[in-house]
């Protein structure tokens, strides 16, 4: 799908990464934002016991967390300065156990609505350079204006 | 709704808590399992910058993680020994920002299917003793038998 | 769950049923609205080959249709006159095949948000007077004001 | 995304269309299956008051019905003869009102699991030859073997 979004904020990249750095959960998980383009964001998470479920796979909650953050910032990258983003709902299908060395969440905006943008994130595991789709994620975000404490 | 599930494993409580203790992500987040009954599990998470998103609310990914773990163990509590549980998909609606001192995820099995149980989790924030619903969560779990490394 | 919503429009019942009568799809399916209370709506659909899938069960799309209509009108019942309701997203879990003589969709508002209410619908099949849960449904609605053609 | 599925049944196309013809709901709605390829199915529905909601748009339930049927048959196209398909859950995001002359649901299998395939359907409205995305749909299907009355 051709992605030809034009950002309303020329400094969108700095704004997204500055906001990402305020997400304590991403620091706690050890997730890194590795790509920011208009309407597209990628986040990487290393596999480790610290993010695992009981069988040693990466926990679905950790996959959902990076998929959600990626989707939210994909949406934020298209918003005007001072507008904040919140997630209203998301759905994730876990199509394979998340094994391997790390996972990468690749989000793209599907519908850049003014108030309720929709984004999808594909999550891939990486094992010795080979990518496998492990999760499909769809979220509805919300653009928030004029609410104290909810900007960027 | 009357919950009258009869567990197939009299030691279900020990099995659930032993499995919970293997979830590295729960330890990383600081989540605790506080209630285990047949088809019902509750998990508590303290609010802190370590689990926050950019505005200081608890991150939707952290809410999803404890909701998912609670739903999975609610389902596991009804399974025979040696059967493992995996999540195949879940959906979460974030109906209010997760503020307050802590959140509690209360899961219950809605359909105790032999292979694909369905569970729902309500997540509440607690602020000075007052509970507020912050998230509605529904998951399809999968009972896994005879797959190496996937038991309990 | 105690439902203690106070409708903003004393004529909410007439408004809901008048709007329901404009849903051509409900007429085509033969669905009837059988209960309207503040934040709660019930819709009934008779089983017949006209609403079936290939094995003779009621089609998941027909279940989703009545669940969605019930959820939307449960939300509309709490809105001011002149405000319209649209569905932004929904999720349905089909926990048992929909057999029997008819199905009933019972919706209730979970969160009566000003702009994005959330409602859940349980769908039951009825066979010789016995009810069985066949589907769990959750929707995010949207209150629409001042958009031509979208009221009630 | 490259779709390179190899069907297990050379007669997959005839099997899918014969099964589609048994879906009473599709006949009732006036939906037509217009494309069947390995792991891909397209279904078309004409706009009319018979499938509308209260504002004259095509009802979300009708969109979900054709999206679900398309997803199910995309999955069935890859299954062995005699195996039946059921939907276990689906999620739909309605990203724009469904106006125009007709809608087309384009489904593709994302994960061709042996027991729980996952498919996605994009639904487009067509207005004077112009396509607009109106809905994003994701479903988990289930392959059913040896259950009487549930084949194809």
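When the chains are written out, they are named A, B, C and D in that same order, and each has its own residue count from 1.
Keep this in mind: a contact is a pair of C-beta atoms (placed from the backbone, for glycine too) under 8 Å apart; a residue touches a chain by one contact, two chains touch by 3 or more.
As the structure is a computational prediction, the values presented were derived from the model and not from experiment.
Undergrad: Shared touching chains for chain A and chain C?
TA: Touching chain A as well as chain C, we find B, D.
Undergrad: If we define chain centres by averaging CA atoms, which chain lands farthest from chain D? Would you check?
TA: With centres defined by C-alpha atoms, farthest from chain D sits B.
Undergrad: Which chain pair is joined by more contacting C-beta pairs, A-D or C-D?
TA: Of C-D and A-D, more C-beta pairs in contact link C-D.
Undergrad: Please work out the Cα centroid separation of chain B and chain D, and write it as a whole number of Å.
TA: So the centroids are 32 Å from each other.
Undergrad: How many angstrom lie between the CA centroids of chain A and chain D, rounded to a whole number?
TA: 28
Undergrad: How big is the gap, in whole Å, between where the Cα atoms of chain C centre and where those of chain D centre?
TA: Taking the mean C-alpha position of each chain, the two centres sit 22 Å apart.
Undergrad: Tell me, which residues of chain D touch at least two other chains?
TA: Residues 88-89, 91, 93, 140 of chain D touch two or more partner chains.
Undergrad: Hey, which residues of chain A end up touching chain C in the complex?
TA: 88-89, 91, 116, 140, 142
Undergrad: Enumerate the contact residues on chain B facing chain C in the complex.
TA: Those in contact with chain C are residues 91, 93, 95-96, 110-111, 113, 118, 120, 133, 136, 138, 140.
Undergrad: For a test of understanding, state which residues of chain B touch chain A in their complex under the given definition.
TA: Contacts found on chain B: 19-20, 22-25, 27-29, 48-56, 59-62, 64-69, 84, 86-94, 97, 149-150, 152.
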